[in-house]
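Quick heads-up: structures coming right below.
Heads up, the next two complexes both have chain A, just with different partners, chain B and then chain C.
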Partner chain A sequence: MTHAPGAQIVEIIKNNQKDLVGDLLATMKKKVIRLDKSAENEIIIQATQLLGFLEIAIPQGQLSDLETRAWDDTRQLLSDFSQTRAKEGFSPIETATFIFSFKEPLFTLLRTSLSNNPQLLAEEIAVTSLLFDELGLLTISSYQKAREQIILRQQQELLELSTPVVQLWQNILALPLIGTLDSARTQVVMENLLQKIVETGALIAIIDITGVPTVDTLVAQHLLKTIAAARLMGADCIISGIRPQIAQTIVHLGVNLEDVITKATLADAFVVALKTTGSSVTNS
Partner chain B sequence: MERIPILRMGKLLLVTIQVDMHDRLAMTLQEDLTERIVKERATGVLIDISALDIVDSFIGRMISNTAAMAKILDAKTVVVGMQPAVAITLVELGLTLEGVITALNVERGISLLGHNA
Partner chain C sequence: MRSDEDVVRLRKVVREELISLGFGLVDQTKMITAASELARNTLKYGKGGEGHVLKLKDTVRIGLELVFTDDGPGIPDISLALTDGYTSGGGLGLGLSGAKRLSDEFMIDTESGVGTTVLIRKWKVS
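Then we have the complex of A and B:
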């Protein structure tokens, strides 16, 4: 008897779709804690879809290579599934359980239908096991990718959120820095500041470092770079918000801030900036 | 031969760099500018680089050299109109144009020179 690997599985999937989905749900309920009614329905829909795709893909595709065209639909489905899972905050185990939970019921069905042909049974189980392992890996990798995308997006948002440039007065900008200054942030800070200088035609920018927890040589270097770039655009910089400890560290590190106007508070810096630009504020 | 025009505005000279600089052009500009400073008895030089999107270390050095030459001839040099991207590049290259006065645009540059002239 000639026999294509996986043929038996297709047969089983075709005939027992309902049962398989039911079993899957039962297994998942055992392993996954969070499963409300809507999540259940979603799983039923996705499982049915997946079984449908498998039914088509197994006979025409290579079982060992999921990169082939025959598996396009399956891959798409699984990557969508893992992405939504990742966004909803499921753990990777919970996500992969969806695939691995198919194994048990499938094996049981295989055993009953091939009980008189142990040779074929072993082959089928091996093939099925391999296939579902591959699918599981695929799920995990898409899950990981989705997670990384989320992290990347959050990083970017943080980057933009934490570097506002505000106009305090005519010709005066303020740049309140919060958090540590690394190279990537310095780049964003610099670009934002220079852009704003062009837009507003500011003469003075006050860089307030009250929110910068520590100033090491690298941070100081980045600050000096920003100041140099602003100077090239014709704007002077004042550093304000230097806490006592930071003043001590700066001196201990031997960082040269001689050429930069430094002030203890933003208010002091603002007064200097007003004087330099020729504006004044009086109490009425 | 290609030349960068030098315009006279009262006691000031305005140089607008709009083309890619190369060695020859830079040399010609420095020659022309120094000659004009002496001839017109200029007290200030404005170098407008707002049209330059890319500045490499060569142009950076050329600008500071030109400024230094003008200074020797007692003319203050202001570099005006630098693009943000150019400023970042120069800083990354370590060329902060020490000793060169900078301004956001020509108008600002003139008022800077006006106070000091």
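Then we have the complex of A and C:
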């Protein structure tokens, strides 16, 4: 009889796979609220896979180090599993429950099969407990990573969402800027505008900064660069919505907007743009 | 201050303080913009540092003081750095001189290899 750590647990997993998966499903049903039929099936598949991987990995002996090659398949499985859970909106606790729920049934089986060998029983329980704790932590950290990725993606989507370039008229685009312009956002905004100029062949782009609370040199520089780039692509920019306090501040900063067409309001800018592009709107 | 978000956060704090002290819209905007400039310099050239906001009060007036400190490379030539249009980092070269013009008092203390501290104040007769 072998006494490699975990040898007993491998035997138990081998001989009780179906029961273990069944027990797990029962616990999950008790602890996790949302489990429809397809989620149940998924759990059965993943649990069976996990037990299969454990059977192979445990005898290789690297029980305390899940970073080793022996655990590649297991890590991959748990990482996929956590990612799916994170996307589906499960909580980290619900996600880790999948791992921790294996413990009790395994302990029970160990107790029965090793009732005549208390020392080995204690050892195997310790090893198993440690292993499943590590696996649980792995799930949580994968879950965390997946959440971070989701948040990052949402932030980026928000960046783009919050900077719409609108076509006001034939040949006339408007970019109403609202909110704080940090570097990342300014970059995205300006690139969007240039992109849209290329797509539409617009002749005039109105950048409205009514909703921008602070115009510092960085924002000013981004504006100036965008205006220069737009000009190279054949479009003139008009900056509108420079409020009095912003105008005074820009002057004190020493930013030179003399070469830039500025208008008090978006409406004023629109009138200028219509004239320049040869369109007009009349009251009838 | 370590990141862009910290600059945004600092501006918010400064705005709130200025409003609570009863500064008008123009002075608010000037001081917030100056804060933004100095905070960005701390971040970009000083490799991060600290920003402190302090309310001032003497017998006739109240004010706000902002202090930015970093332990970056320091500014080798202050008058050059304060020259409009001088930049070592591809900016407009208007932040430091602009912050000086936008505030009522401006002090700078810098030592090569030790770091830079810039202090500005804005006063309001109460």
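Worth a mention:
Assume the second predicted complex is superposed on the first by the 183 of 284 C-alpha atoms of A that agree within 3 Å, B and C clash if a C-alpha of one lies under 4 Å from a C-alpha of the other, contacts with A are read in each partner's own complex, and residues count from 1 in each chain.
Just so it is clear, contacts are C-beta pairs under 8 Å (C-beta built on N, C-alpha and C of every residue); 3 or more make two chains touch, one makes a residue touch a chain.
The shown structure was predicted, so the numbers you read here are calculated from the model rather than taken from an experiment.
In the overlay built on the shared chain, the residue A:Ala184 is in contact with chain C alone; chain B does not reach it.
Contacts of A:Ile151 after superposition on the shared chain: neither chain B nor chain C is touched. In the superposition on chain A, contact of A:Lys225 is made with chain B only, not with chain C. When the shared chain is aligned, chain B comes close enough to touch A:Ala235, but chain C does not.
In the superposed model, A:His252 lies in contact with chain C only, and not with chain B.
Legend: residue contacts after superposition of the two complexes on their common chain; A:Thr217 is shown touching chain C, with no touch to chain B. Chain A residues in contact with chain B (one complex) as well as with chain C (other complex) do not exist.
Across the complex, chain A meets chain B through its residues 187, 190-191, 194-195, 197-198, 201, 203, 225, 228-235. On the side of chain B, the complex with chain A involves touching residues 79-80, 82, 84, 86-88, 90-92, 96-97, 102-105, 108-109. Partner chain C is touched in their complex by these residues of chain A: 180, 182-184, 213-218, 220-221, 224, 244-246, 248-249, 252-255.
Those residues of chain C whose C-beta lies close enough to touch chain A in the complex are 4-5, 7-8, 11, 15, 25-26, 28-30, 32-33, 36-37, 40, 84, 91-92, 94-95, 97-98, 101-102.
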